[in-house]
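The next block holds one structure in the form of structure tokens; read it before the comments.
Labels A, B, C, D and E are assigned to the chains in the order they are written; within every chain, residues are numbered from 1.
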Amino acid sequence: MEIGIGHYLILSGILFSIGFVGVLRRKNLLMLFFATEIMLNAVNIAFAAIGNYYGDLSGQMFAFFIIAVAASEVAVGLGLLIILYKKYGSLDLDVISTMKG
Amino acid sequence: MYEFVAFYIFAIATTILFLITVMSKNVLYSMTSLAAGMVLISGLFFLLGADFLGVVQLIVYVGAVMALYAFAMMFFDATKDVKEKHGNSALVFLLGGLMALVFVVMFSAPIIGENIQALYPVGLAENLGASGNSQDVGLVLFTKYLVPFEVAAVMLLVAMIAGIILAGKKMDYSLTECEASDEELKQEIKKEEV
Amino acid sequence: MENLVYIALFAPFVGSLFAGLFFARSPKTHLVGVVNSTLIGIAFIAAVTLALHVAEHGAVHVTMMSWISAGDLSIPFGFLVDEVSVTMMLVVTLVSTIVHIYSTGYMDHDRAYNRFFAYLSAFVFSMMILVMSDNFAGLFIGWEGVGVCSWLLIGFWYHKEDRPFEENPSISPSWAANEAFIMNRVADLGMLVGIFLIYWNVGSLQYDVVFKALPHLADGLLVSIAIALFIGAMGKSAQFPLHTWLTDAMEGPTPVSALIHAATMVTAGVFLVIRANPLYSLDAVHEVSMFIASLGAFVAFYAASMALSARDIKRIVALSTLSQLGYMFAAAGLGAYWIALFHLAAHAFFKALLFLGAGNVMHAMDDELDIFKMGGMKKVMMGSYIYMGIASFALAGLPVMAGFYSKDAIIETAFNDGSYIIWAILVITAGMTAFYSFRQVFFTFHGEERYKALGFHPHDMYKYVLVAMAPLAVLAISFGWFMENFHEFITKNLPDYEMSHTTHHWAWLLGSLVIVLAVTGIIIAYKKYAGKGPNAWKRDEEFEQSFIYKLVENQYYVPKFYDEFIVQPYTIASKKFWEIDKAVVDGFVDLIGKMSYKSGDVSRGMQTGSLSAYLNWMGVGALLLIVAAAITALIG
Amino acid sequence: MDHILSILIFFPAIAGILGFVVDKDSAKAYGVSVAAVELLLALGLWASFDITNPGMQFTEFSPIISQFGISYNVGVDGISLFIVIMAALITLLGIVLLREDTKNMKNMIVSLLFLEMTMVGVFLSLDAIIFYLFWELSLVPMLYIVGAWGGPDRVYAAVKFFLYTFAGSLIMLVGLLAMAYLFHLESGVWTFNLLDWYTLKLTSNQQFWLFLAFFAGFAIKVPMFPFHTWLPWAHGQAPTIGSVILAAVLLKMGTYGFVRFSLPILPDASVTFTPFIMALSLIMVIYTAMVAFAQKDMKQVIAYSSVSHMGIIMIGVFAMNAEGLGGSIFLMLSHGIVSGALFMLVGVIYERTGTKIMEEFGGLAAVMPVYATIFGVMLMASVGLPLTIGFVGEFLVLLGFYKVSAVGTILAGTTIIIGSVYMLALFKKSFFGPLKHEKNLGLKDLDKRELTALLPLVAIVVWLGVYPKPILEPIDNSAKALLVQMENHSQLESTKEAIIVSKKEVK
Amino acid sequence: MFIDPKNITMDVLNLTTLMPMLIAIGGGLVILTIDLIKENIHKSLYVMLTILILVIDLGATLGLNFGPNEKGFFDVMLIDGLSILSQILVLVASGLFIPLALTSKRFHEYSYPEFFALFLFMIAGFQFMVSSDNLILIFIGLETASLSLYTLIAMHNRHNSFEASVKYFTMGALAAGFFTMGSAILYGISGSLELYQIAPAIQSRMGEPGMMMFLLGGAGLLLTAFAFKLSLFPFHTWAPDVYEGASAPLAGYMSVVPKVAAFVVSMRIFEMFIELQIEWVQTIIIILAVLTMTLANLMALVQEDVKRMLAYSSISHAGFVMVAIALATEKANTGIFLYYALFMFTNLGAFAMLWVSRHKNRIHHARYDHPYEKFSGMVKIMPMGAVVMGLFMLSLAGVPPFSVFWGKVYLMSATIDAGHIGLAIIMGLNSAIAAYYYLKLIVYMFLREPTAQVTEETTYYNVSKPLLTILGLAVFVTVGSIFYVDPLIEYITEMMRATNFGI
């Protein structure tokens, strides 16, 4: 019952897909952002696992930077959400659809 | 065996928690399960020997990011259940399932190459007499990845500025939609200052 | 001599320009008539001089300049004055001169007097090119040129309204003009094909070169050339089935009919066959020649039959022209080219005279054409009466008259050739000719004075016009007397046609037979139409309802046939094509545009504005890529 | 005279730019003088043209994009010389014919001058890309002219014209680029120089596809059936001057393209495609002539007749013998003159009555005799009467085509019948018969301005009909040279057989 | 290859490679500092300062040594021809678009110096992105630039712009997920994050079972991410909305600079795959390119708003250029830059014209700022403006001799050279479809009568001298392109030869 890299990667893939489903089905922007966080986390697992099995640090590095990016995105994203909420009074995606065609 | 048990516990738990995040109608549940899931992921990192990463995950994600989300949630007064219209849930799950299937199929193949030499092997710091993941990470981060690190700093600065501008007062009054000319605006601003 | 050639050729052209450029917009100017008549007269004198020269020294051949040269083709403006062309020139210029003079009187009251002379002289010019050219392309220039002038002159009174076919079989002058032009063009295509065939197989269009090369060509080719050229001739000479335009062409002023549609242009076809005699006398094309002769005989009879019942004075003359053209073709087809040419000339004289006489009548009757409305006019129009009488005698082929010699010769030829059917037709036709021409004379000049009831006050033409017509009358009587001289002159160039002994033997009998038939025709006509008082002619309503009468009156339904089976289908097809063009061809293009636009409209539907949808699109896209990747990897 | 071709091309453009500054009221005078100078220049070119030399003359060459083998390369031979002169002439006369009260006269003049540049440029370019450049650019002023001064559906017509031709020429562009690539493969050099391309021998398969690509561009421009439907629209809606230039010059670009590109570069494919082109052309000749007959609008009749005549030109181009090719080039000129004049004439009556529907007229000959006369002359030239300009080309083309196909010639020859059918019907409906409307009684005959524009054309129609030699000779020389070049360049025996430079040699 | 910390020398670091980015970042900080010191300084100072910094940056970029293996900072930086070229393009475009801030009317974003600081950070981000073949740095650079860009869009401060920003942001986050996942797979295969090491690793492992799956999967994921950035179908959905929501200068900017940066990275990544003989990538890219240009063109046909139309047209142009990546030849790569260099000026002009006529109220249409009606009869009101806009439209349509034509020809030629004749024809036909909507604007401007709302006042609303200068420059470059295309091709080709494409 050896846990190999495959396990981690499959887990990563599954979590990624869960995040993907979330992105596709969420209509609330805030919760949609959660889903993107899940995706990034899933990738982090993959990076950490691969790095571990190669005994290489680059994977961890990438994961580290992904966390940084995620944090930045949250900052910007929340800023946007706030201003959007102020203007539209809602975070529902269907409301924010004045531009189309 | 220990790894086996730990992995499956973490794996199953995160999967369930993230599923809750994605499926729950309640923002609070959703967010809480997300935070919990992330904590568990840091456990996976520890399992994988990425101690530093695990810590960062805990601090940055669970500490900072989740705090931000929580703050935002309060701002949006989103404690109530969220009503979402799902037009084609089945399709979404089908797509997600398909995606997962492809990943499973893909990752069942061996990905690790036999002949690949690690470029920045774990245990770098051993040569210097020190030990532990943090030092290794530090060593690589501040040599090889110094530039990305600095750029990340800029990125965070950008994010900060962006957050300040977007959420701050500056956006409350739109100059774009104001018909007044520059001169008139100056007068107005001066009046306000006075 | 060169100068004379150019004078003969260009004098009419100068006249046309003179009238057209300087006087086209001015009111009637007598000067134009005088000048143009004089110029044509000069051309005539030049032609006479040339004729004398040719008789003495042989043909004159001049090349003015090159016209088209491209590839190996080189066409010059070259003119050949030999026995054949000089005969034509004489005929053309003489008749033209007289018609010009006649027109100064006839067109006296017309607003467009000057324009008329411009056209008329232009016609003479074109006709001169036609007969004088030394190559087929030059012939074609004249060929088309006379076509256009004919178009202009038929449609001279273009302002007249279209009337339905039942009222006026030729609808209107402009309609008739177009019909003539288009029908001629049909034939011209044949002629063009003939020219192309000649060029690609001989390499030149010069008569001399071509005729020299003819014997070396393949038989089938010769037949094709002969047929193609004859198709051209059929159009100009109004042979069946391209004959309907000629009767309709009577919409033009009568001098035009006299000059163009009797004496000169319509004989161009005959001239072409005569010109191309080296081709048509070849054994290889014997069948074609026989066809020409047969067609000629048929047309002679066919036209004569229609003339029997016609009421329109000009139509009768036109149909007789058609009939006589048939005679000419019969002769030419049988190889008696010089006889054809002789009849051509004789016919030109008496037919022009006949037309001009008819013109006098019309002039007197305020352009009334219906002979049923005339009668007994000899009292008021003695001069015209005499002229028309002479012309009719000539046409009927009574002894001494010109027509007697020429027509008799043709009939003899048919007999001599052993083509007894043709001979029989021609003989019968001769009788019919006498009948209908005198029917017309008697209707017009004898019998009850029907016109009085209708309020006409006829008076004869100006004296000088009548005097001017005299040469024609003289020639109509006497031209036949010079047959031997002509024969001697022309056979230098054209092949002689020798009658066999048998024919010589029977000649007197054949001649008498024709004379008897002609006289019989005249007598019947006199009995029927010349009576006065109780003997006066009455309409036979019953006969007019009979099938034969209807058939003949409606020109054997040929115009109707053309209308229903060519004109109308063409019009309908054109309209349908236009609709197809709009709906299908253009519609298809528009459809592409509309489809693009529509698909743009449809695909913009994916841009719902909802972020959720966008994410779905992106997700689907990503998934498709990955699934495609997986499948590709698994398969290969 | 070293740079006369460049001067010819760019003089109108520079004048056009300067034209922006000219006062509105003197715009027409400015236009006339510029166009007149251009015509004089073109005539000067003719005067110094060496008639005996069938090759390119006055060539100028300077690389522009040497990395990609594009260079400014112009030259003139007997084929292009007269088209250029005609373009200059038609532009001049078209401007002369413009009414003083045309709205936005200045814009009109400027567009026309730019159009003139592009037209002259197309015919003088010897570099494929420069050719393409002028080719495309010519669409723009024309779009504006049709769209701004046209009839009620002008925008639709203008856009259709633009897009249709643009689409075709883009496919042609692909062909040009492919050709350059093939040349590059062969020689290692990038070049779009036509004269270089003439030396390249291509396989039949390559020629086949390249021919199709070129065909797309040229056929739409010609316009060949079934790509012709933009033309009636464009003509129907365009202002007089637009129709005149469109019919007289722009359409010739298509046939010129076939002569300059398809034939010499792709001789084998040209011969292979001959039956196809012939079939289309015959349909074009007969079908569009019939459609023309069904028209009610005088201008549409002439528009469709243009298509029909272009069919004859196409036939001549692909007859592959000196008679046909020379004839079709001559016919391009004569059709330019005649159709230009006819469109001018339609414009004249349209200006007076505000309608082009034939049934509205009738009896015009009595009211406007001079007009009717000139119309009649042009009509006769259009139906190919000997001793008018129309005959020479048509005769030569049919003559040349006879060698290719006798049946085809008879079918094509029906043009002289059905051509006269619709033209005479037009003439009869409009000019003959009684006057339809009282108001037409007061119509004025041609005035000085109109006569100035039309009489030169009448003179040319007669002059070149009687004495075509001055222009037929250089055309013939160049046409023969082109055929010789084709023959030398072809690889298939069947091609060599099909090409007849001089049948004396063949015998 | 581990570098001992002790032995690090300045030579190895090659610090100068960082100069351009540092200048931009430093410039951004300077602007922030100035704002700290004194508030309410007129925007023109910041604009000029930004231009100045960009000029210095450009100078620094041009001063760099470059070559296929010119690396710096532990091989993280890669200064090859591609990098230099794209940096030049980015900087020049930025320098040309930023003066559009100097309008006569006041707009929200330009009133705050943060805009200019973020602008410079964004440029730095792009510069990092293009001058590295390390996936981490590419990712970080990309995110830095993107986050700045999202903010810049939102700073226009209208309903539209927030919506646009949020859409762009959210999809960008998703794309980031795909990018990282793709990178993870590449990392898994090769154990490296540097393309020049990944390539040989892949090559050596190509035959292994299941490897194709990873390769194609990774390529697919990365392609998704870059297809989003390059707005390829079906990942383009953000583009029209973002163009509509963003201010005209920014929209124009987005149609050039981020795309150039994304193209550079795509060239580095996908041409590696293609050169490894993985045909699937080529096929998929061609399919995407064809779909993109065709569908975007079709959708552009039905637009009512010029800016939105231009958005679709930019998508279509991107699809057109994408073909070059599938070809992966030197000529095609040259073509990409030639195309964008030429396209830049035309688009600059077109968007500047929109900006000139930008009105604060939507007087012509309830939703759109630049509906077609706004331009009807423009030739009567501002003839020069109409002529200039007409020229830009013709250029975009690919009418010779205007600038975009040469790019089109060059790319089509490259396509033909690579043997894809059918593709070249599709490209040609697409240009024909595209001509319709460009013509539509010309038709409105030249062939229609002005509506009641269209007056000199409304069309010249936002005009100012700097804007006119920029317009003049754009016209000049667009029209005179025939004269400088040759040296441009030569320079780009030279740069391409000094480029390291991984293998």
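Definition applied: a residue touches a chain if its C-beta (ideal position, glycine included) is under 8 Å from a C-beta of that chain, and two chains touch if they have at least 3 such contacts.
Remember, predicted model here, so these are calculated numbers, not experimental data.
Shared contact partners of chain D and chain E, listed by label: C.
Contacts with chain A and chain E are shared by B, C.
Chain centres were defined as the mean of their Cα atoms; on that basis the chain farthest from chain A turns out to be C. Chain centres computed from CA atoms place C at the largest separation from chain E.
The chain occupying the central position, as judged from C-alpha centroids, is D. In this assembly, the C-alpha centroid of chain A lies 65 Å from the C-alpha centroid of chain D.
Centre-to-centre separation of chain B and chain C, using mean CA positions: 100 Å.
Separating the centre of chain B from that of chain D, both taken as means of CA atoms, is a distance of 69 Å. Per-chain CA centroids place chain A at a distance of 96 Å from chain C.
Touching two or more other chains at once are residues 136, 140, 143, 147, 150-151, 154, 166-167, 170, 174, 188, 191-192, 210, 213, 217, 240-241, 302-303, 436 of chain E. For chain B, the set of residues touching two or more other chains reads 92, 95, 99, 102, 105-106, 108, 110-112, 116, 118-121, 124, 144-145, 148, 152, 155, 158-159, 162, 165-166, 171. Counting partner chains per residue, chain C shows two or more touched chains at residues 593, 604, 607, 609, 611, 615-616, 619-620, 626, 630, 634. Contacting chain pairs (ordered by label): A-B, A-C, A-E, B-C, B-E, C-D, C-E, D-E. Every residue of chain E that touches chain A in the complex is listed here, in rising order: 135-136, 139-140, 143, 147, 150-151, 154, 159-160, 162-167, 169-170, 173-174, 176-177, 180-181, 183-184, 187-188, 191-193, 240-241, 244-245, 302-304, 308, 367. Chain A meets chain C in the complex at residues 20, 23-24, 26-27, 29, 32, 93-94, 96-101. Those residues of chain B that touch chain E in the complex are listed here as 102, 105-106, 108-113, 115-121, 124, 139, 143-148, 151-152, 154-155, 157-159, 161-162, 165-166, 170-171, 174-182, 185, 189.
Of all residues in chain E, only 1-3, 5, 8, 18, 21, 25, 32, 40, 73-74, 76-77, 104-109, 111-112, 114, 117-118, 121-122, 124-125, 128, 134, 136-137, 140-141, 143-144, 147-148, 150-151, 154-158, 161, 185, 188-192, 197, 201, 204-205, 208-211, 213-214, 217, 247, 360-361 touch chain B in the complex they form. Residues of chain C that touch chain A in their complex: 604, 607-612, 615-616, 619.
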